[in-house]
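Down below is the structure, laid out as structure tokens.
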Amino acid sequence: MTVDTLINWFATFGDFPVLSFILAVVISGIPLFLVMALNAMIAVYVERKVSAFMMDRIGPMGQGPGLHAGKWGLLQTAADAIKLLVKEDTVPESSDKFLFKMAPFIIFIGAFLGLAAVPFSSTLQVVDFNVGVFYIIAVGSISIIGIVMAGWASNNKWSLYGAMRSAAQIISYEIPAGLSIIVPIMMAGTLNIQELIQYQNGTVWGFLPNWIIFNNPFSFIAFFTFFISAIAETNRTPFDIPEAESELVAGWMTEYSGFRWAVFFLSEYANMLVVSGLAVAGFLGGWQSPIPGLFNTGAWGLFWFMGKVSLLIFVMMWFRWTFPRLRVDQLMHVCWKVLIPITMFNIFGVGIWKLIFG
Amino acid sequence: MSRYFLNIYETLSTLLTGMRITWTHMINIKRDNVTLQYPEERWPRPERNIGFEHENYNIIRSRLHVDIDDCIGCLKCERACPVDCIKIDTIKAPVRGEDIPNMKHTGETTNGTKKAMVVSRFTIDMSECCYCNLCAYPCPEECIFMVGGPNSSKHPIDYEFSEFDRTDLIYQFAKKLNSEQKDSLQTPIPEAKA
Amino acid sequence: MTLVEIKSAINSQFPGVIIDNEELGDHQLELNGDKWLDIATFMKEDPILSFDQLECITGYDGGEEAALQTRYNFHSMEHRHKIEIIISHDREEPRVASIEKLWRIGDWFERETYDMFGIIYEGHRDLRRILCPDDWEGWPLRKNYKGQELYHGIVVPKIKEEDGWE
Amino acid sequence: MGVVKGDQMILNIGPQHPSTHGVLRLEVMTDGEIVSQIRPHIGYLHRCFEKHSENVTYEQVIPFTDRCDYLASMNSNFGYVVAMEELMEIKVPERVDYIRVVMGELNRIASHLLALGVYGLDIGAFTPFLYMLRDRERILDMFEYTCGARLLYNYMWVGGVSHDLPKDFEKICIDFLDYFEPQIKEYNNLLSFNKIFVERTADVGVIPADVAVSYGVTGPNLRASGVKWDVRKDEPYSVYDKFEFDVPTGTGKFGTLGDCYDRYWVRMLEIKESIRILRQALGSIPSGDVHQSIPKKIRPPKGSIYRRTESPRGDLGYYIVSDGTPVPFRVKMRSPAFTALSCLDEVSRGWMISDVIAILGSLDIVLGEIDR
């Protein structure tokens, strides 16, 4: 159900290209936004529960008379969302008001555009670019502009620190992320996400699904380097130095409240979905079933894709509630001195592998 | 060079150890959970028979309560209080150890001590109280105590006393005397200074 | 080392600085404050005394008639002996040399004593109030201290109210 | 603070900040992330402990000492009563001494647990904090069982303790120790040996031994710098001379001697030593009356005393001057966290902002005690 199919379908009713284009974009954009909101709500709830369980707590619970937060606290995130929406939207007196108000939306746009190219199943993808992988990586960088805007416009030293750290971090980690995703691109020989997933059909080594991660040792390592870089790009622990709450209070989000802050939150979780989606599409076979040849059709694709994405998001949460946080220079150390050499080596290795084994 | 790979190995192994621990805690949450759903569940409060013979010494640090019928107005608790949250006024009783029915004043405590004073005011400001329990020890009649625990027979426990107004936390224990009743007694004795 | 030995060591180096005071305890030593910096330097650097740890500086106000005092508790990590040095100051203008450069903790301890007693440590590089606000008036721990009534328009609560309980 | 040059910036950390451990304000001169100077401003929590003490009787001072070091109230009480008993020349029954040691060591464990947990939080690890708080809670439960209060105990009195131990206290305490000892291994695996944690703390904020002594840094912070100084061992008070325990010192386990990791690790080792003391003490508490030597009226003779004890944060000294009345003439508290904080400026110059937080956390300050 891409935009293209919608446009083609509208074309059967007559020739009105501009209107049909707008209609198609809106019709596919609204579900995308719902996906984003739903993802944030579910992810926040799961994150709360996961963190609580890891810490020997039980997290939000709604018991007793009345409807506190639903059974097992299921309505907690809904209540939180309502709270955030009705909260006062404070804008600091000495801030750059225009940029301050703009910043959340720029970040939102970055996440939203990235989501447009995520292949939820073989047909369920808003736009199927021929350079999809490249597009997601490129669009992901838009959020840096928003973050720097937010940090600068807040006129707060903490925000500025957070923004600068964030910019340095995201720009640096794009390099290992890009270098890692080159491995599947080299193997499949395409930048199109659907073709990339199609390439991972069948089996490898006799019994394993032919996912790129299992294809050869280099791509196995490449998955982990990509995943680590992806975590860093989404500013999550152990790379959450831009919003390190024990150092920078809340980093670039310090001055934000209410709805604008909720937008940041939404984008953060959407970004997690996007990078996990890219990792799944590039390395874990996308919407392909883990049992080659079985349950591989129709809605199963969505199920497998979301299942794998959820697994990766869970691992991100798992990291967050287990690890301490790195320091700025250590973060750069990991990026430039560990990840980039490894990814370079990987590209080389995959090239050799392709040369020898086809 | 080997240092470089050793570092990577150490990092991965220690991180995985940590992840294993949080994972075990997560899947064993039913066993490990320590949260209590507060309004529905509560911690058991320690109630114990303390190890020396003074059985009525209190072990709960909760709201202060005064059995005003037992109070002889000796001001010991007032003097012991480090933050001066107890305030007592007394008026000399006409006859030592006799009931004054119209003021609901009893002449004798439950221990049999004859009272020489009518307590006209006994207020405790629980918002100032620091729960040090110093007032409970010197009381000769054991009439000031923190509620609950071994004293639960005298007064039920009250951990969760909260009010909307600060002044509501000033507890009045003395029996209300109007000005005529006060005048009918002797002139108030100025309170002793600590 | 016992107090007697420490006493004789100081006395041989700086004759006449030790003030005899019968009331003092067996670990206390009252000194004349004029050469205090030299004595302190000697106490720290002399290998036999070697007081490398300044445990505590206590300000002391004996009341209207008596003097203000600074009491230093020294301890030697090396020899494990200790001593308390008492230096009395003029009430009107309490001044004594600062030992902040010898023992770095003297910095904050002297600031605290200055804050509470108004004793001025000459040569201290940064003698400001430390616990009270910078613009607080009076020296709180002096016995004749009267608290200010208003501080930036805020009523300062009395330390112990006379009869204001209601 | 001096002149702010063009590429420098003054950053105010606190008084409201997640990791200043209270209301501490740090004026930090930074050049980018690098810190060039720190000026701590304290006094936000000043509650006039010393002035108050001159207006209440000797026994009424004890609740105020609770509130100074509110994370180790038992040890605060302990220091005061030890000083008072020395001033009044009271010999307390042995049972009282044993009970005090048990309580003091339990509170040391509780305090160190909080220190370590919050340190993890400063570095960014959330989970160990809650594990440690979970175990600290059990210690607080034992305190509640003993004296009715969970945080501010007013338990130790001059000449005795307020309540005798419950009859089954020893069993409960041994049960707790049996449960608790294996937990230390888990903390270590989860936090102490975690490579990220080690990288963040090792070699950071080194306090050399001479600097530490000059700044009057005491307790675990001093021992982490390699100076073997423990008041319990070197100037034994109460019955500490009867127990066998080691004084753990820093070894530069992963980095340099006296770095943040050493300070963290010494606390971890001290918990183990406290468990050792507890096991010895619990086995041999003599019987007796805990109230017999409490004086009816506390009127110390004229004189003064300076006595220090080992609180979880270091040498907690009380300077008490008596003029023979029931009201103290002067009470001065030499607080260990006060001296530890004073060296922050020198130690953290040249490090990054994140490291300042790490160093501050490793000093384990309690603002209630610093400001008094």
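We call the chains A, B, C and D, going by the order they appear; numbering starts again at 1 in every chain.
Operating definition for what follows: contacts are C-beta pairs under 8 Å (C-beta built on N, C-alpha and C of every residue); 3 or more make two chains touch, one makes a residue touch a chain.
All values reported here derive from a predicted model rather than from experimental measurement.
Peer 1: Just to be sure I understand the contacts, which chains border both chain D and chain A?
Peer 2: Both-contact set = B.
Peer 1: Which pair wins on C-beta contacts, A-B or B-D?
Peer 2: So, comparing the two chain pairs, more contacts are at B-D.
Peer 1: Find the geometric centre of each of chain A and chain B from their Cα atoms only, then give the gap between the two centres in Å, rounded to an integer.
Peer 2: Once rounded, the distance between the two centres reads 54 Å.
Peer 1: Provide the C-alpha centroid distance between chain B and chain C, rounded to the nearest whole angstrom.
Peer 2: Centre separation, chain B to chain C: 41 Å.
Peer 1: Just how far, in Å, is the C-alpha centre of chain C from the one of chain A?
Peer 2: The mean C-alpha positions of chain A and chain C differ by 62 Å.
Peer 1: What is the distance in Å between the mean C-alpha positions of chain B and chain D?
Peer 2: So the centroids are 28 Å from each other.
Peer 1: Among the residues of chain A, which are close enough to touch at least two other chains?
Peer 2: As it turns out, chain A has residues touching two or more other chains at 54-57, 321-323.
Peer 1: Can you pull out the residues of chain C that are in contact with at least two other chains?
Peer 2: 160, in rising order.
Peer 1: Give the residues of chain D touching no fewer than two other chains, as numbers and ranges.
Peer 2: 127, 134, 190-191, 194, 196
Peer 1: What residues on chain C touch chain D, complex-wise?
Peer 2: Chain C residues touching chain D: 23, 25, 28, 52-56, 58-61, 71, 73, 77, 80, 84, 103-105, 107-109, 116, 129-133, 140-141, 159-160.
Peer 1: So in the complex, the part of chain D that touches chain C is made up of which residues?
Peer 2: 42-43, 46, 48, 50-52, 54-55, 210-211, 213-216, 227, 229, 234, 302-306, 308, 315, 317, 319, 321, 330, 332, 334, 338-339, 342-343, 346, 371-372
Peer 1: Please name which positions on chain B make contact with chain A in the complex.
Peer 2: Within the complex, chain B contacts chain A at residues 8, 15, 18-19, 21-23, 25-26, 29, 32-35, 37, 39-40.
Peer 1: Spell out the residues on chain D that touch chain A in their complex, using ranges where they run on.
Peer 2: The contact residues of chain D facing chain A are 9, 11-12, 17-19, 33, 120-127, 130-131, 134, 190-191, 194, 196-197, 199-200, 352-355, 357.
Peer 1: List the residues on chain D that touch chain B in their complex, please.
Peer 2: 56-57, 59-64, 66-67, 127, 134, 137, 141, 144-145, 147-149, 152, 154, 162-167, 186, 189-191, 193-196, 198, 289-291
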